[in-house]
Amino acid sequence: MKRTLLIGKETHDVELLRQDGVTTFLWDGAAQAVDIVEVEPGCWSVILGGKSVDVRLDAAKNPDPDVQGFRATLYDEPYEFALQDPRKALLAAAGGAAGSGGTLTAPMPGKVVKLLVKDGDLVTEGQPLLIMEAMKMQNELRASSAGKVSKITVQEGATVETGGTLMILVAPEAN
Amino acid sequence: MKRTLLIGKETHDVELLRQDGVTTFLWDGAAQAVDIVEVEPGCWSVILGGKSVDVRLDAAKNPDPDVQGFRATLYDEPYEFALQDPRKALLAAAGGAAGSGGTLTAPMPGKVVKLLVKDGDLVTEGQPLLIMEAMKMQNELRASSAGKVSKITVQEGATVETGGTLMILVAPEAN
Amino acid sequence: MPVTKVLIANRGEIACRVIRTCREMGIPTVAVYSDVDRGALHVRMADEAYCIGPAPARESYLVVEKILNVAKQSGADAIHPGYGFLSENAEAAKLFEANGITFIGPRPESIVQMGSKTAARVVAIEAGCPVVPGIQETMSDEDLLLEAEKMGFPIMVKAAMGGGGKGMRLVKNAEELKTGLPRARGEALSSFGDDSVYIEKAIIQPRHIEIQIFGDQHGNYVYLWERECSVQRRHQKVIEEAPSPHVTPEMRAAMGEAALKVARAVNYVGAGTVEFLADADRNFYFLEMNTRLQVEHCVTEWITGLDLVKWQILVARGEKLPLTQSEIKLNGWAMECRIYAEDPDKNFMPSPGKISFLRTPSGPNVRDDSGVYEGSEVSMFYDPMISKLSTWGPTRLEAIDKMRTALGEYRIGGIRSNVAFHEVLMQHEPFRSGSLHTGMLDKPFWKKKEVGPNLKFAVAAAMVAELDDEERRASQPVGSGDGKPDAWKHWGKFNRL
Amino acid sequence: MPVTKVLIANRGEIACRVIRTCREMGIPTVAVYSDVDRGALHVRMADEAYCIGPAPARESYLVVEKILNVAKQSGADAIHPGYGFLSENAEAAKLFEANGITFIGPRPESIVQMGSKTAARVVAIEAGCPVVPGIQETMSDEDLLLEAEKMGFPIMVKAAMGGGGKGMRLVKNAEELKTGLPRARGEALSSFGDDSVYIEKAIIQPRHIEIQIFGDQHGNYVYLWERECSVQRRHQKVIEEAPSPHVTPEMRAAMGEAALKVARAVNYVGAGTVEFLADADRNFYFLEMNTRLQVEHCVTEWITGLDLVKWQILVARGEKLPLTQSEIKLNGWAMECRIYAEDPDKNFMPSPGKISFLRTPSGPNVRDDSGVYEGSEVSMFYDPMISKLSTWGPTRLEAIDKMRTALGEYRIGGIRSNVAFHEVLMQHEPFRSGSLHTGMLDKPFWKKKEVGPNLKFAVAAAMVAELDDEERRASQPVGSGDGKPDAWKHWGKFNRL
């Protein structure tokens, strides 16, 4: 099955053909023989042109439900790759992309130690918004751009998970 | 659920009761609190009376299909334990046990290098019957008791799996 | 005093480390654990294990009475505190001893004398050991500001009862001091239960070099050479090595003797570390004394061939130090990388979670001191250090290249770790040349490796193969399988038809 | 000669071992593999990997032309043969050199001179090195019988081209010799492609002690002390250590000098081992010379702090030996246990199969040289050794107790291993006291540990919990799960309703 590969802003057409014990990988139309074996659950040993590469795949959440995301780990460094069924890509292109709001989310699980702003405050880029504690280290979370605090969704002392919403900022123009 | 534990020739009635977060193990009617957690797939950490024991369970084939066999590994040594549903045990006791014949089976995968006897030969206990090679070592397989070779089921050069039948011996009386 | 059954009042890698030596010596071990640590490696490794309460350390690992009760219940006659937690708690040590239980550590009085950094400075000055210019006592924010102005910026703010870099920060001007003090006090309070801080003149591009010392109950002392721990981030040691590339034989002897002066001044018994700052001219200044085993003791073990935990137990038993100063070897070079559950791509934020995959390096001259296993949880409640990887080589560069190789074999899945960061560091020229200072990581140099075309190709092929396999399986009716259980295919949950 | 890319003409742990040193030295590596080894660890670790044919070694790892072709194809300019396979094949070494590829091993002439054990005896005798009384040449079964009668039983039958104990047997009388000769020839043929055997007078309760030597291309020689390998089963080494508890400093120097006499006599270059038998009176007799790296080189690495694979590469490059005799250290004591896939409960029969679970020990002074991983297959086609576990201690007993502790952490599932057997050995009094001889394992002393009531109780509880969980899951409708995939429950297949 043909798929579209997304690596950052790159896209490539890819397809794996298995025939008569030979596996061929098509990359934007160019064919190359690969020898590919799942050696451990989620761990693939790939030999191509003699090079031996060990790839570990972890599923990664992709904001687009039609895109299959994987976090590939190469020598203990993760890289995000995503694959898309090209038919779905066409459909997706027809719709509009929702703009992402200024939501401050928790970068790790931890405890909210102190809120440094309150609802309605105007904040400048880089201004500290709240202090989180995890593993005995206190970390300041700062505003990524100027804006207005539209809603604070946590209280001091609250325990939050990774990705949990902490507060919502709106652009000053939206005021 | 109550079960019967078989360890070699020992049998015990055992049952695990989980109630209100407390786990109690019944062993021949005597109750003891245990803290038991599956820490890795098939690996259980058991704490009883303060002692911490790591148990790894591998399913083991039991000749009786009504008996659930496990090979428990304690500090890298395997021990065979089996559990039986007591209702089934009653049924089984009503039937007759089949006598096991003098079948010589392969103790490991390997190649039959040489047959040292032929159909109809009378053999004495400990007499070498054939030579198998595995991993470059040649091993003699010997008769566990005196008897007559009733059927040889492999040829020289054949590759066999663990447990594969090599030859069948009958008791001399059966002659 | 007998040491026939040891309770380890700690968790993680150091608890496992102590268990290993006890097992080697034939001494049974008792673990304690908080609710979230029920499945932790130290619980599984120990002969006995007892729960001591909820996850927060102050409700479990820091509750002296609970530890004492477990010791009594299990019949342990000695307690090894590891590092952190109760290791420098003189009251705990006193209580254990009062109950007839040997505390494997220094006498409580020594802990007290060295426990307050300001008091320790006074001891060092009186013992004739050089110290960094600074104040001798804790004070209010206002007084600290006045003293700082007198001393001149930059200055260091430090927790009086602290250690391990927590609550410590470099402050370049009065404004920073004002905003930094409350935060430093907050961290000090939450980490050490005491919000006292003090200030010292900051040394420019200092090197952190420390001396491992040992004393016994018979007045004998030795120093087991130095360790350099200058590679730090946020005042936390990241890489340690022994010996130090900065130290000459003369400086080594001078530092060793200075360290023993401090140890003798407090009648020190057991393993201790005297920390110094050194400048480019090889002047060195007493910083503090850690009255416990250090995280980085492994590198000293590599170059001396000694087991420091074993020595701690021998000394606690009342035996004499096994060797005299002239019998102690300095053989080759050792490196240690602290493997943290943290995300180099997100400014090294902690990355707790379940370790879904773990392969640790081995082979010649590689040592991994781990507190985790595949399937275990890195909890947000404790330190994010999951392992210490150490290597040895005849020379410094050989130890570094061995470390680079070992890091390349390390695989940790499910959470992020700093393994790849360490790999980059091992190839960082200032590090390789030995030009270390405590601020060397302040300017970020970490950059993810580029994925070349071949690697992209390989990853893409693996991804496509994985999805093709999944879809093939999903399109087969349930139970029609090839006898191969789908069980181990942990991707199943991502099937989308 | 340049060594800029190394092809490793081997598999298993030794291939991984060589890859590690190459990586440390920054040298890219090329693996070769047979069909069944596609997923083997060495294939995954190497930078490049090429298939060289079907599983049987004589159709893959032993086919010189295939190896040569891969070297040419990949641009490798050096070949490391490991041990076994082509490591002592002079023709292969010649062919590689003729094609401009450096053979990381001795000159082909040295291999030839030492390759026939009978010829090697002559060299040793002429060089002034003591030898075991025996015949100097191979002969027919009839002539061997006559010679044996003259020499007097017991005698040893050995493969002329052999090594590693294969084809070797102790024979107590003429009858045993008659029945044993065909089998010895058969094994010799299948292992070494040559059925020549010879006989030697058997030494009673001999100790196997060997000297590690090194030579360079400039005529320099050193010996890296001895190893004792007396703990054997079926003439296969099971445990090795360095130094030997039997060897005094005088004996060490005498053996070292005797070994160098043999090395010099054949202008030896690279790593080699001169094996001796020693009797209770510390007489020693030349046995053979192994013209390659030995399995047990790790224990020498522990006590000298040297990397023997690195030295091999340096010497192959034409460099001088890095150290002179007086610079070589002998530091502490090292033990090595060979971890085999074999079943101690079935007379140590090989136990090939899939390794379903694997946890290897680590911590201070523990080294595991493994060629496998969790999920890999131990094939029936090759040697059943899956790993070498080695430990170090300042003294012999400390190294033994460290080994006991490390073995206690080793977990291998899916196949049987001899880990528990080694654990028993580490507590076996004759072993601990150092009273070793090559027949010490002939009388079986291995006995499985008894399972006490507490352990029985714990195992039973785990089993019941496992079955209860399974039945609970089985009784739930499919898809009603708690979000936790059943995937990882590898017991699922044993569900019975």
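Each chain carries a letter (A, B, C and D) given by its place in the written order, and its residues are counted from 1.
Here is the rule we go by: a residue touches a chain if its C-beta (ideal position, glycine included) is under 8 Å from a C-beta of that chain, and two chains touch if they have at least 3 such contacts.
Please read these numbers as outputs of a predicted model, since none were measured by experiment.
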Those chains which touch subunit B and also touch subunit A: C, D
Chain pair with the higher count of C-beta pairs in contact (A-D, A-C): A-C
Rounded Å distance between subunit A and subunit C, as computed from the means of their C-alpha atoms: 32
Cα-centroid distance, subunit B relative to subunit C, in whole angstrom: 47
Centre distance in Å when subunit C and subunit D are each reduced to the mean of their C-alpha atoms: 37
Set of subunit A residues in contact with two or more other chains: 41, 51
Residues of subunit D engaged with two or more neighbouring chains: 45, 373, 408, 488-490, 493
Contact set on subunit C toward subunit D in their complex: 16-17, 20-21, 23-26, 45, 298, 301, 305-307, 329, 331-332, 359-360, 362-370, 373, 392, 394, 398, 401-402, 404-405, 408-409, 478, 485-490, 492-493
Subunit B contact footprint on subunit C (complex, rising order): 30-31, 38-39, 43-44, 46-51, 73-74, 373-376
In the complex, subunit B residues that touch subunit C: 35, 37, 39-41, 45, 47, 50-52, 54
Parts of subunit A lying in touch with subunit C, wherever the complex brings them together: 1, 3, 5, 7, 12, 14-16, 25, 27, 32, 34, 36, 38, 41-44, 46, 48-49, 51, 53, 55-59, 68, 70, 72-79, 81, 83, 107-110, 113, 131, 133-139
Partner subunit A, residues of subunit C touching it in the complex: 166, 183, 186-187, 190-191, 234, 346, 349-352, 356-357, 380-384, 407-408, 410-414, 416-417, 419-420, 423, 448-449, 451, 454-469, 471, 488-491, 494, 496
